[in-house]
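We call the chains A, B, C and D, going by the order they appear; numbering starts again at 1 in every chain.
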Amino acid sequence: MAKIKSLADLKNLRDNMKSGIDLRERGDHPDALPQVKVGMATSGIASGAKEIMNFMIDELDKRGIPAVVTQTGDMGYCYAEPTIEVKLPGQDPVVFGYVNQAKADEIIEKYIKNGELVDGILPVNFRSVNE
Amino acid sequence: MGKINLIIDNKPVQVENGTTVLQAAKEIGIEIPTLCYFQLKDLNIENKPGGCRVCVVEIEGRRNLAPSCTTNCTEGMIVHTHSLRVLNARRTVVELILSDHPADCLVCPKSGNCELQNLAHRLGIREISYQGVQSTYRKDTSPSIIRDVDKCVMCRRCEMMCNDVQTVGALSAINRGFTAVVAPAFEQNLDKSPCTFCGQCVAVCPVGALSEVDNTPQVIRALTDKTKTVIVQTAPAVRVALGEEFGMEPGTIVTGKMAAALRELGFNYVFDTDFAADLTIMEEGTELLGRLSDFLAGKKDVKLPILTSCCPGWVNFLEHNFPEMKEVPSTAKSPQQMFGAIAKTYFANKIGVKREDLIVVSVMPCLAKKYECQRDEFKTNGDPDVNYSISTRELAKLIKMANIDFVNLPDAEFDNPLGESTGAAPIFGVTGGVIEAAVRTAYEVFTGQKLPKIEFTELRGLEGVRSATIKVGDLDLNIGIANGLGNARKLLNQVKKGEANYHAIEIMACPGGCIGGGGQPLHHGNSEIILKRSAAIYEEDRNKPLRKSHENPYIVKLYEEFLGKPCGELSHHLLHTHYFDRSTKIEIE
Amino acid sequence: MANIKLAEDKLKALIEVCKSFNNEKGELINVLHKAQEIFGYLPAEVQEVVAHELNVSVATVYGVVSFYSFFTMKPKGENPISVCLGTACYVRGAEKVLEEIKKVAKVEVGETTPDGKFSLACLRCVGACGLAPVLMIGQKVYGRVAPEKVNEILAEY
Amino acid sequence: MAKIKYHILCCGGTGCHASKSDVIMSRFNEVINEKGLTSDAKVVATGCFGFCEQGPIVKILPDNTFYTRVTPEDVEEIINEHIIKGRKVTRLLYTDPAKNEHIEDSKHMNFYKKQIRIALRNCGFIDPENINEYIAREGYEALSKVLGEMTPQQAIEEVKLSGLRGRGGGGFPTGLKWEFASKYQADQKYVVCNADEGDPGAFMDRSILEGDPHSVLEAMEICGYCIGATKGLIYIRAEYPLAIHRLKVAIKQAREVGLLGKDILGTGFDFDVELRYGAGAFVCGEETALIHSMEGHRGEPTVKPPFPAESGYLKKPSNVNNVETFANIPVIFNKGANWFNKIGTERSKGTKVFALAGKINNVGLIEVPMGTTLREVIYEIGGGIKGGKKFKAVQTGGPSGGCLTEKHLDVPIEYDTLIAAGSMMGSGGMIVMDEDNCMVSVAKFYLEFTVEESCGKCTPCRIGNKRLHEILDKITKGHGTMEDLDKLKNLSQVIKDTALCGLGQTSPNPVLSTIDNFWDEYVEHVTVKKCRAGVCTSMLKFVIDPEVCIGCTLCARNCPVNAITGERKSPHQINQDICIKCGTCKEKCKFGAISIK
C-alpha cells in the first residue's frame, strides 16, 4: 500500500474510494454491479455466515452473475443471523435475515437476478451518521 | 508543603499536606481501628492495600465511606470516625471477616495477642450475623513456620514482607474472590518454596494464620528426662526483648532474670550464645584477615568481599538466589551452630556426658534457626549439634507455664565455661554489630595495636544499606552492611556488577537485625520497640568489662585446651561449613 | 527446590517465547497466553520456567495464573466444551443445557472425561447473545441450543 | 419474465404474528390470485419492524408506503386502491404523533430517527479488514484535522464541548479526563483502550472492534496527540479472537500506509498501538485493575487517587477510555462538537449503544440517542416481549446495575436518571425479562457472577458478596426468613458503602434494585414459600390431579427417585418428601394430569 503522507493524500484516496467502496479491482463502474455484504462478526460466523459467504461467492461465479461479495461487521440484527445485505444498482440496499443456503439460493435466483424480493427481509430501523 | 486544616469528630486539626486521615486522627488522639494497615515507620516499611475496610470513616460530601489509611486530608475536610453509618459498616465488615474465620481462639497460637480478636473485642461484637461457608486450605508445617491460612484475613502484610521487603518471593496472593489467600506457588509447602524461614511473615501476621513451629513440648520432655543433660544457649537479641512478654518496657535488659528463669525451668547448664559469638569473631575474623592478606599479596581468585554467615535466613537466601556466589561467604558456622558443635564435643567431654545424652536447646529471636539446626551438615551420626531451637516467644510461654514470676525474679549469672562473653558478642543482635565486633578484633590482630576507640558508630543505624570505610593500619577497609533481604539483594547485585568495592559485607535477614527477628515478641508495627531494643543491645555492650572477642578468657582457654588456633584443623572440622545451590534447575526430558 | 523436566522442543519453544518478549516481567500475561498455546495448559513446570526466564518468583506466576480464569493448570479434553452462562444465555435457559451436557457427556464443570475426549467449562458471554443459549466446542459455536439438542451435538465428536 | 411492480412487505415478526399478520399475508396472496395480479405484486414476509405497538405493519415497495394496524379486512382495499389504482389508503398510513399528520413515505418517519448510529456508523457497512473502506467514509479525516489544524488544548476543548462522557459505565466526562492526563509531565505517557468487555450479555465493544477497528485506532491517536502520548495500548479479552484478528489487521494496514508510526501525515506526530490481552477477569474492566493486569500482575484494583492520569501504566500518566467512547471521537471532530452536543439530553450527550437481549423479539445491537425511553427501546426497537409474554423487568448495567420495572419504562436513558432509578448505564447490556423470570433468582444470578469475579482484595466484596449470595440461595431454596431480608438490605448497603473499587461498590445493585422493585416477590419467597415465576424449583410442588390421572404408570416408571406410587389404572400420588422436583413426570404425562402448585 502506498504511504499516506499528508492530508491531501488522504483526501485523494478518500475520493477515489468513495465512488465505490473496495470495488476498484472490479472495473470502472462498480456501481453497476450487485453488491453483497455478509455480516461477519463473531455471532454471524457462529451462525454460519462464513459458509453463506463462500456459497454466495461460489454460486454467483458458477451462475455467471457478476457481483461483488464482501464481509462486514455486525449489522445489529443478532436475532436473525446470518444476515446479508444486497444492494442492486440504483436501488436501496435490502437486508435479509436467517440466511441459509436455500435462502441464499433464492436470493440469487429471485432478487439478484430479477429484482424480486423474497421472504426474510429485515427492515432497516436506524440511520447512520455517515448518511 | 503547606498545612491543611480539617475537622475530625468536631475537632479542628492542622496537618502537613500528604497526611492521611488515619494519621491526622491519631495526632489528636483518635485511634481509628485498622487491620490490614501496617507500618514500621523507622524502617520505612508500610503496608496499605486499603483492603480490609475496617478503618473506613465518613467524609462529608462523599458518596461512599473512605478508608482513612489511604485517604489524604484535604483542606476543609469534615470527617466522622464514629457516626452510626461508620459504626454499622465497621462492625459489619469485622463480622464478615469473623464469619470466614475459624473460631478456635482458645487454642490459637495468637490468642491474647491477635489483632482481629482485639478488634472484635473493641467493637463489642457478641454475635456474627452473617454466617456461611468458610474457606479452607491445606495446613502447611515446615521446619520453622506453620501456615494455617484458614485464618488468613488477606491483609497482605506477609506478602508485602516476603516480596517487597525481603524480595524472597515465597508468598503471593493466589486465587481470587472468596478463595483468595496468600500462599506459596501451587499451594505447596513452604519448604518446597524459596522461603528463607526469616519469619518476617509471622512477625507481621495480625492473626494466627502464620505462626512459629512450637518446639516447647520437645524441650519440656527433654527437661523431664533424667537420663539427659540439657543445656541452653540464649542469643543476644533475646535478652533485650523477652521482658516485653511480661509487660516490661521495651528495651529492658533482662539477661539476669532470663538466666535465673532458665535455671528454674530445669536446664542443667545455662549458657550463652554470646560465647559462641566471640568464637565466631575469632574464626570469621581470622578468615577475613587471611583473605585480605592473600588479596594484598596479589593472589588471584581471592573471594572478596567476605560475607558474614551468622544469619541462617540470609544463608538460605543466598543458596536460593545467588548460588553462583556460594563460595563467597565466610565458611564460619553461625554462633548457634558453633555453640552446638563445641558443646557436644569439648563440653560433653569436659563433663563426661556422652554426646547422645546431651541435649542442646537454643533460645533465638529467629525462626530460621529452627531450620538451621535441622540441616544435615550440622548433625553427627544423625544427632544434631543443636537439638531444639525455640524462639523468644516460646521461651516466654515456657516461663509462664512454669509459674515463674519473671518480673520479680532476682538476677542470676550464666554458667561457665560457655557462658562468658565480651561486649563484642551482644551487638551481634543488631544490624552492623557482627561487622563491628569483627573490626574490633581484626584491627588489633592486623595492626598489633590497641584500638583507640572501641565503638564504631559509623557502622550503626537502621538504614537498609550502609557503607563505611575503616582505617585499619594502612588499609582502608571498605565495609558494606545490609539489613533486610531486599537490601541484601541490592548490595549483592552491586557487587556482582562490580559497582561496589567492599572487603567485607555484613548481612542480616531481618529488618534491624536479630532484634527485629521473626521469633521476637510481636511489635505490631511499633518501630519504637525496635529502636529501644537496639539501644539496649548497645547498653549491654557498654556494660561489659571486656569488649573485644579475642579478650574473652574462656575463648583463649578453648583454643589452648582444645581447638589449637583459629581456622586451624579442628576448627575447620567443627566450626566451618559449606553452602549448597538450592536454586531451581531446568532439565530437558 | 525440585528440578524441572520438560520435553526439549516445547521447552525450547517456551524459552523462545520468553525471549521474544525480551524476558520482560511486565509481559508475564502475554507469555502465559503463548505458553498455554504451546502446552495446552500451564502445569507447574511451565510456570517454573516462565518464572525463571522472566526473573519473577514462581509464587507471583502462580498468583497470576490462579487469578485469571482463562489460564488452566489442568489439561483440557480433546474437545473442550464451553457453555456460555452470560445473562442473555442464562435468561434463555443455559443452565438446563449445562445440566444436560453434564448428564450426556458425564463430566463436571472444570473436569475432563476419563478418556480425555471432553472437558467442560463455563464462560461468561461469548458475545453471541442473539443466538442464546450458546455453547462452544473447540472454536465452533453452537447457537440456540435446546437441551434436547445436546445429545445430537455431542454425537458429532 | 416480467418484473414485479409492487412488493408487499408484511411483518412476520413475533409481535405482528400475534396480531394475525399470517392471516393478513394469506389474505393478500388470495386477493392477488383472485385478481390475477401475480406478476405485478408479490407478498414478502419480513423480520420485525420493531414497531409492534402499531402492528401489524404492511409496507409497500417501491414507494415506501407504511401502513399500520392493518387488519385482514383492509387487504382488499389496499390491493384495489394501491396496487391497482396506485392511490394510497390514507386512513391506514402511519400518523406522526407530534404533528398529527399522515406520513406517506416511511423514509420520513420519525421512527427511523429512534436509532442514530454514531459509534456503530461503519459496523455492517464496511469491510473491517480493508482500511480503504474506512477512509472512504471519512476515516482518519478527524485525525488529520486535529494534527493539522488544532493544538492539543483546542482539541481537548472540542471534546469537552461535545459533552461526551465515558461509555464504559461511569460516565466521567471524556474531555476532562484527557485534560487531566495532558497536565502531568512525563517522559512517556500512554493511551489505553479498555476492550475488556466482561459484562455478561454485552457485546457492543466487540462489535465495534470487529466491524470498525480503525475508528478506535484513529481516536486513540487523537487522544495521544491531546495528552502528549506516543504509545497506545489496547487491553482486549483473549476470548475475542476475531476482534483481535481484525485489530491486528487494522494496525498492520495503518502502519503500512503511515497512519500509525512515525511522522503521521507529515506532521511530525508519532504514535503506535500495541495489544495487551486480558485473561478472563471481569474486574479488569476497572481501570486500575486493568493497568495492573497490563503490567503482568493480578488484576486487583488499587485505591484512587492516584488516578491513572497521574500514575497509570508503568507509573506513567495514562488515559483509559473504553472502545465505544473512542469510537465516538472521530465523529465529534468530523461533524463538530456543536453537532454532537445537540444529540441527547442536557447532561448526557450523543448516543449509547446497547446490546439488547433476553426475552425480547429483536435481540441485537442498537444505538439510540441519550434520552430515549426504555419503552421506546423495548417496544419500538426491540419489538416487544418474546412470545407475547408480559414484561417484567429490564436489567441495565450488568452486574453493577439494577432491574427496572414497568414504572420506569418512560424514564429517559441517561447516566444520572438511571442511577436515580437504582440502576446504571453500565457498559450497555440491556436484558429484558418477562413473567417467567424470578427476580430473586435473577439477583442470585448476578451475585454468583460477582462472587466468581471478585478479585478478593477487599473484605466487603470478598466475603460480603459471598454472604449475600448465600442468603439469596437460602431464600430461593425456600429456607429464607424475614430476618434474612433485613440482612440482605443491611449487607448490601454496607458493601455499597465500603467496597474498594467501583465494581465492588455497585455489586449489590442487583439485590437492592430487586428488593426495591420486587419486594413482594421476596416476601412471598420467605413467608409463603412461593416463587410466582416457577423458577425456584424447591418451592414447587408437583401434584397429580386424581380426576385426570388414568393410572398409566408412565410417570411412576420415569421418576428417577421413585417418588410416585399408585395402583395401575387408579390415580397416582407424588410423595413430596422424596420428590426432587425434576419435572420429569410432568413432561412424561400424556394427559396433563400433573401440575405445579
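As a working rule, a residue touches a chain if its C-beta (ideal position, glycine included) is under 8 Å from a C-beta of that chain, and two chains touch if they have at least 3 such contacts.
Bear in mind the structure is a predicted one, so any value in this text is a computation, not a measurement.
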item	value
Contact-richer chain pair [C-D vs A-D]	A-D
Length of the line joining the C-alpha centres of chain C and chain D, rounded to whole Å	27
Whole-Å separation of chain centres (CA-atom averages), chain A against chain D	26
Intercentroid distance (Cα basis), chain D paired with chain B, Å	56
Distance between the centres, which are taken as Cα means, of chain C and chain A, whole angstrom	36
Chain B residues counted as touching two or more neighbouring chains	173, 175-176
Two or more partner chains touched - positions in chain C	63, 67, 126-130
Sites on chain A at which at least two other chains make contact	42-43, 45, 77-80
Pairs of chains, among all present, that meet the touch criterion	A-C, A-D, B-C, B-D, C-D
Residue ranges of chain B touching chain D (in the complex, touch as defined)	49-54, 56, 64-65, 67, 70, 72, 85, 88-89, 92-93, 96-97, 99-100, 129-130, 132-133, 153-154, 173, 175-180
Touching residues on chain C, where the partner in the complex is chain D	24-30, 32-33, 63-64, 67-71, 85-88, 90-92, 123-130, 132, 139
Residues of chain C defined as touching chain A within the complex	126-131, 134, 141-143
Contact footprint of chain C on chain D as seen in their complex	197-203, 206-207, 238-241, 276-282, 293-299, 314, 355, 357-359, 363-364, 395, 398, 429, 431, 433, 437, 442, 445-446, 449, 453, 455
Residues of chain A touching chain C in the complex	42-43, 45-47, 77-81
